[in-house]
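So, here come the structures, one by one.
After this come two complexes, each holding chain A, first together with chain B and then together with chain C.
Take a look at the complex of A and B:
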C-alpha cells in the first residue's frame, strides 16, 4: 500500500515537473532575462523598501492631507468596497448555497418534484460556477463598459465571484453536516425551508462565519486591485505613485495594505479559533 | 423549563466572536447607508445598457437575425487568430507559477514551522530560532498581502516586458499562501515520531528529509493543485498589464471598443478556468486516494 501510494505521488510530482518545463519553454522563460530589465530602477525601488515615505516626494498644493492620512483614507475606502461586496455575497451565498446543496435539493424526493428540483439544482450549480469563473476584474471591465465608472458596479463586480465561491463552499458545508437533527425535524413534518433555516443553518453557522471572515481578506485584496481601474482604493495610489517614480510612497501604500491584510488575518484567525471551541 | 433557561445561560459564549460579528454587521450596514454606492441620478443609464448589450453580439450578427453559421465562423476566426495562443500562454503562466510557488512555498514553510525550528524537542526554542520563525512568517504574510496584480504591475516595470513578471507575481503571492498552509501542516504532524528520531541522533535536516517531507507531501500536493486553480484565474487577468495572455486581448478589444470580441474572450477565459477546476478536482481526488 505504502509502495503503491508513493509511486502515485512520484507520478504526480513528475508530471508537475514536466508541465513546468513545458511552461518554461512555451513562455521563453530565460533566467538571464531576470537581470536584464531595468537594474537601476529595480535597485532604487528595492532600496526604498526600508525607507517608505512619510511625506510626499513632490510639491503638493497646500491643504493636501498628509501622506499617512491619505494612506489611511485609501485603506478605509478599500475596506468600504470590500465590506459592501461581502454584504451582498453573504446573503447571495447563503441563498444560492441552499439551492446548490445536493442533499437538500435532491435528497429523497420522488417523481416530478424530483426532476424540477434537479433542474433547479443543476442550473444553480452552473450559475455559481460561471459567477466564479470570471475574475472580478473582468466583471469590473464588463460593468465599466456597460455603466461607465460607478461605485456600485465596482461593488457588484467584487461581489459576483465572491458570491459564487461562498455559495459553493456553503453548499458543501451543508452537504457535509450530519443529518440526524434535520431528519428528526423532517420526520416531524418540517418543510425543507424550515429544516434549512432552523436546523442546518444554525448547525453550519460557525463554519459559514469562519469562512466568510476568511473570504473578507480576499475581498480586501481584490478591492485594493480595483484601484487600478480608477476607484479610490489603495491600488489607485500605488499605481499613481509608481508611475511618477515616487518609490517611497509606493512602499508606504504597500505597507498599509500589508498591515490591513495582516490585521484581518490575525482577527479572522482568532475568530476561527473561537468558533471551533 | 428552568433547566432550559439555565442551560441557555450557561452555553459557551465567545465575546470576541460576538463583538466581531456585530462589528462586521455594523460595517456592512454602514457602508451601504453612508457610502454612495446607490446612485439615483444618471437617467440614460438604461439606454446605455441596452446599447451595450447589443454590442456584445458578434459584430456580423448585429442588427440582423441570429445565424448560427455566421456566429460559428466569427468565433472560430477569433480563436484561430488569438484564442489558442492566448489560452496556451495563460495556461503556461499558471503552470510555471505554481511550480515555482510550490518549491518556494515549501522551502519557506520549513523555517516557519515551529516544531522544525525547535529541533523537534520540547525544549524552549532558542532566541535565534524564534527570530527566524517570526521573520519568515512576516515575509509570508507580506507576500500574501500584496495581490498578484500589484506584484505583476511592479515587476513589469522592473523586469521589462517578458513573461517573467506575470509568472513571478503569481509565484510570489502563492508561495506566501502555500508557505503558510504548509507550515501549519508540518506543525500538525504527530510529534512523538519526529521526536523519537532526535533521540537516535538524527539532525534537523535528516528528519525533514526522511520523516517530514514524505508525511506532509500529500497535503502539500493538494494545496498546489488548489492554488493552481486560482493561478489560472489570475493568469487570464494579468495579461491586462501587457503580457500576452487572454487579458491582453481583452484589454485590447476594450480599448478598441470591440465589445463583442471582449465578451467572447472573457467567456473563453471562463472556459479555461472551468477546465482548470475540473482537472484540479480530479487530480486532488487522485492524490487523496493515493494517500
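Take a look at the complex of A and C:
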C-alpha cells in the first residue's frame, strides 16, 4: 500500500471539512430547530433520564410481569437475535473472507487455475460489497414485505450486512499478515485452505475476535431497533412506551440496552486479555 | 546412502527477476543422503537456488528433478507430493508465533492430512501424534517446550522448532537457508551439528546455505560456492586448496573494492577464516 504523505493527509482532512460544512449549509441545518416543536416534551423526556421507571407508568392487567423483568426478557430476546445473526456472520465471514483474500492465490503461478481463482476473488469482493452496502434495517423492511414477520428473516436481515463487513475485515487482516509462515507451509504441501485456517487465521485471531465482538455490539443495537418492526426485542417496548409518552419506561429500556452493550464490552475485554496471556 | 530416495538434480537453471539475473545456468547434482554446504555472499543466489528446489520460485529456464522426476512437468498433485518430501528451514524460521510448539511442529505435516484431519491434529492431537512430536523435539533438544507458546521461546529454541517442523514432515531432503545467520557462533555450531547428525542418522539429503566458511568446512564433506548467480566451485571439502579458498576471498574483494587490501583481509579473516 502506498503511504500518504502528511501533505496529502492534510488535503484530505481539509476537503472533508469543507464538504461537511457545505453539506450542512445545503441541508439548512439550524440549531434553533432543536428548541422548536414541543420543548416541554423534550424537557420531560430528558428529565426522565435521571429517573427511569421501575414500575409501569399505567395500569396493567394483573399477571403482567414486572417492568424490570420485562426489560430483562426483551434484552434476552435482543441478545438471541444478535447472537444467531453473529453465528451466521462469523461462519459466512470466515468463508467469504478466504475467497476475498490473497490467500486464495497461494501457490497458483500458472495457467487456468490462476484465472479461475482471480475470477472467484473478484466475484466475492463484489458480493461482499453488495451485502454490506444495504443496511440491516433496510434488509429487514424488504424481508418483512416479502416474507411477513418471521424470526428467521429478522436474523438473516441482521446477518447479511454483518457477514459482508466481517468478510471484508477478515480478508484485509489476512492480507496484512506476514507471508513467511504461510509460504513455508504451502511449500511443504499445505493447501490454500489449510494455510488460511491454520497459519494465517491464528496469527490474526486476536484482531478477528476483537472485531467480531465489536460487530456483536453493532448487531445488538440493530437487533434492538428491529423491535420497531414488531419483533420482540427492546425496540418493540421502547416504541410502545414512547408512543404513550411513558418516558420513564423508555429510559428503563434504553439503560437496559446500555447495560447489555457495556456487559459485552467487559466480556470481550476479558477474553482478549486471556488471549494475550 | 538411503533407500528413501532424495536425489536432487539441477540442470542449467536460470532465474531472472525483472531483468535481474539471480541464477545463471546453474547445474548441480546432489545424491541421496549427501550433505552439501552452499556458500557465498549475500546476493550470490543461494536462497533463490534453494527456493527453486521446492518450486517456491520457478526457474525461467532449465529443469529441477527430484529422484529423476522433473518438477515443471508435474501436475498439481504430483508437485504437492514432491514438496512434501522436501523439508525446508527458512532464514526467518516462518513459524506461527502465537501457536504452541506442538502445533507449529504438527503444521509440518499438513500436506499429508485433510482439512478436518489437520484441524483435529492441531486442536486435539492424538496420543500418537503427541508422542511423535515429543520424540522429534527430543532429538532437537527441547522436549520440555512442547506446550509452550512459540513466541515465548528464545531465538535458538525457535530455530529448533523450525527444524523439528521440517523433520515432522518426514522428508527425504532437508534444505536450510542460512539457518544460523541470526544466532551466536556457539549456538550456530551446535545447530549445524544437530542438523547434520539427524540427517545422517535418518539418511536424509541435506543442503544448507551458509555465510560462514568455517562452519561449512567443519561439518560438510562437499562444498558448493556461488557468486553472482553462478557456481564457482563444487568439490569435496578435504580437497579444497588454499587458492580455492582465496577464490572465496577474492569474491569479497570484488564487492569491497574501496578499502585497502589489508583491512579487507582482516575483516574477512574473522568472517570466513
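The rule is simple: the second predicted complex is superposed on the first by the 253 of 277 C-alpha atoms of A that agree within 3 Å, B and C clash if a C-alpha of one lies under 4 Å from a C-alpha of the other, contacts with A are read in each partner's own complex, and residues count from 1 in each chain.
Keep this in mind: contacts are C-beta pairs under 8 Å (C-beta built on N, C-alpha and C of every residue); 3 or more make two chains touch, one makes a residue touch a chain.
Remember, it's a predicted structure, so these values are computed and weren't measured experimentally.
Peer 1: Residues of chain A touched by chain B versus by chain C: which partner has the larger set?
Peer 2: In the superposed model, B touches more residues of chain A.
Peer 1: In the superposed arrangement, does A:181 touch chain B (first), chain C (second), both or neither?
Peer 2: In the superposed model, A:181 contacts chain C only, not chain B.
Peer 1: According to the stated criteria, A:167 is in contact with first (chain B), second (chain C), both, or neither; which is it?
Peer 2: Once the two structures are laid over each other on A, A:167 reaches no partner at all.
Peer 1: Please indicate which partner A:67 is in contact with in the superposed arrangement: first for chain B, second for chain C, both, or neither.
Peer 2: neither
Peer 1: Touching A:87, do we find chain B (first), chain C (second), both, or neither?
Peer 2: Once the two structures are laid over each other on A, A:87 reaches chain B alone.
Peer 1: When the two structures are overlaid on chain A, which partner does A:194 contact: first (chain B), second (chain C), both, or neither?
Peer 2: In the superposition, A:194 contacts chain C only.
Peer 1: Output check: A:157 vs chain B and chain C. Expected answer is one of first, second, both, neither. What do you get?
Peer 2: neither
Peer 1: Quick one: which bits of chain A touch chain B in the complex? Just the residue numbers, please.
Peer 2: 4-6, 8-9, 12-13, 16-17, 19-20, 22-24, 26-30, 33-34, 36-38, 41-42, 45, 79-81, 83-84, 86-87, 129-130, 133-135, 137-138, 141-142, 145-148, 150-152, 155, 209, 213, 216, 221-222, 224-225, 228, 235, 238-239, 242, 250, 254, 257-258, 260-262, 265, 267, 270-271, 274-275, 277
Peer 1: Taking the complex as given, what residues does chain B use to touch chain A?
Peer 2: 12, 14, 16-17, 20-21, 24, 27-32, 35-39, 42, 45, 48-49, 52-53, 88-89, 91-93, 95-96, 99-100, 102, 141-142, 144-147, 149-150, 153-154, 157-160, 162-164, 167, 214, 217-218, 221, 224, 233-234, 236-237, 240, 247, 250-251, 254, 259, 262-263, 266, 269-271, 273-274, 277, 283, 286-287, 290-291
Peer 1: Could you please specify the touching residues of chain A with respect to chain C in the complex?
Peer 2: Answer in residue numbers: 109, 113, 180-181, 183-185, 187-191, 193-195, 197-199, 202-203, 205-206.
Peer 1: Help me check something: in the complex, which residues belonging to chain C touch chain A?
Peer 2: It is residues 54-56, 58, 76, 80-81, 83-84, 86-88, 90, 92-99, 107-108, 110-112, 115, 118-119, 122, 166, 169 of chain C that touch chain A.
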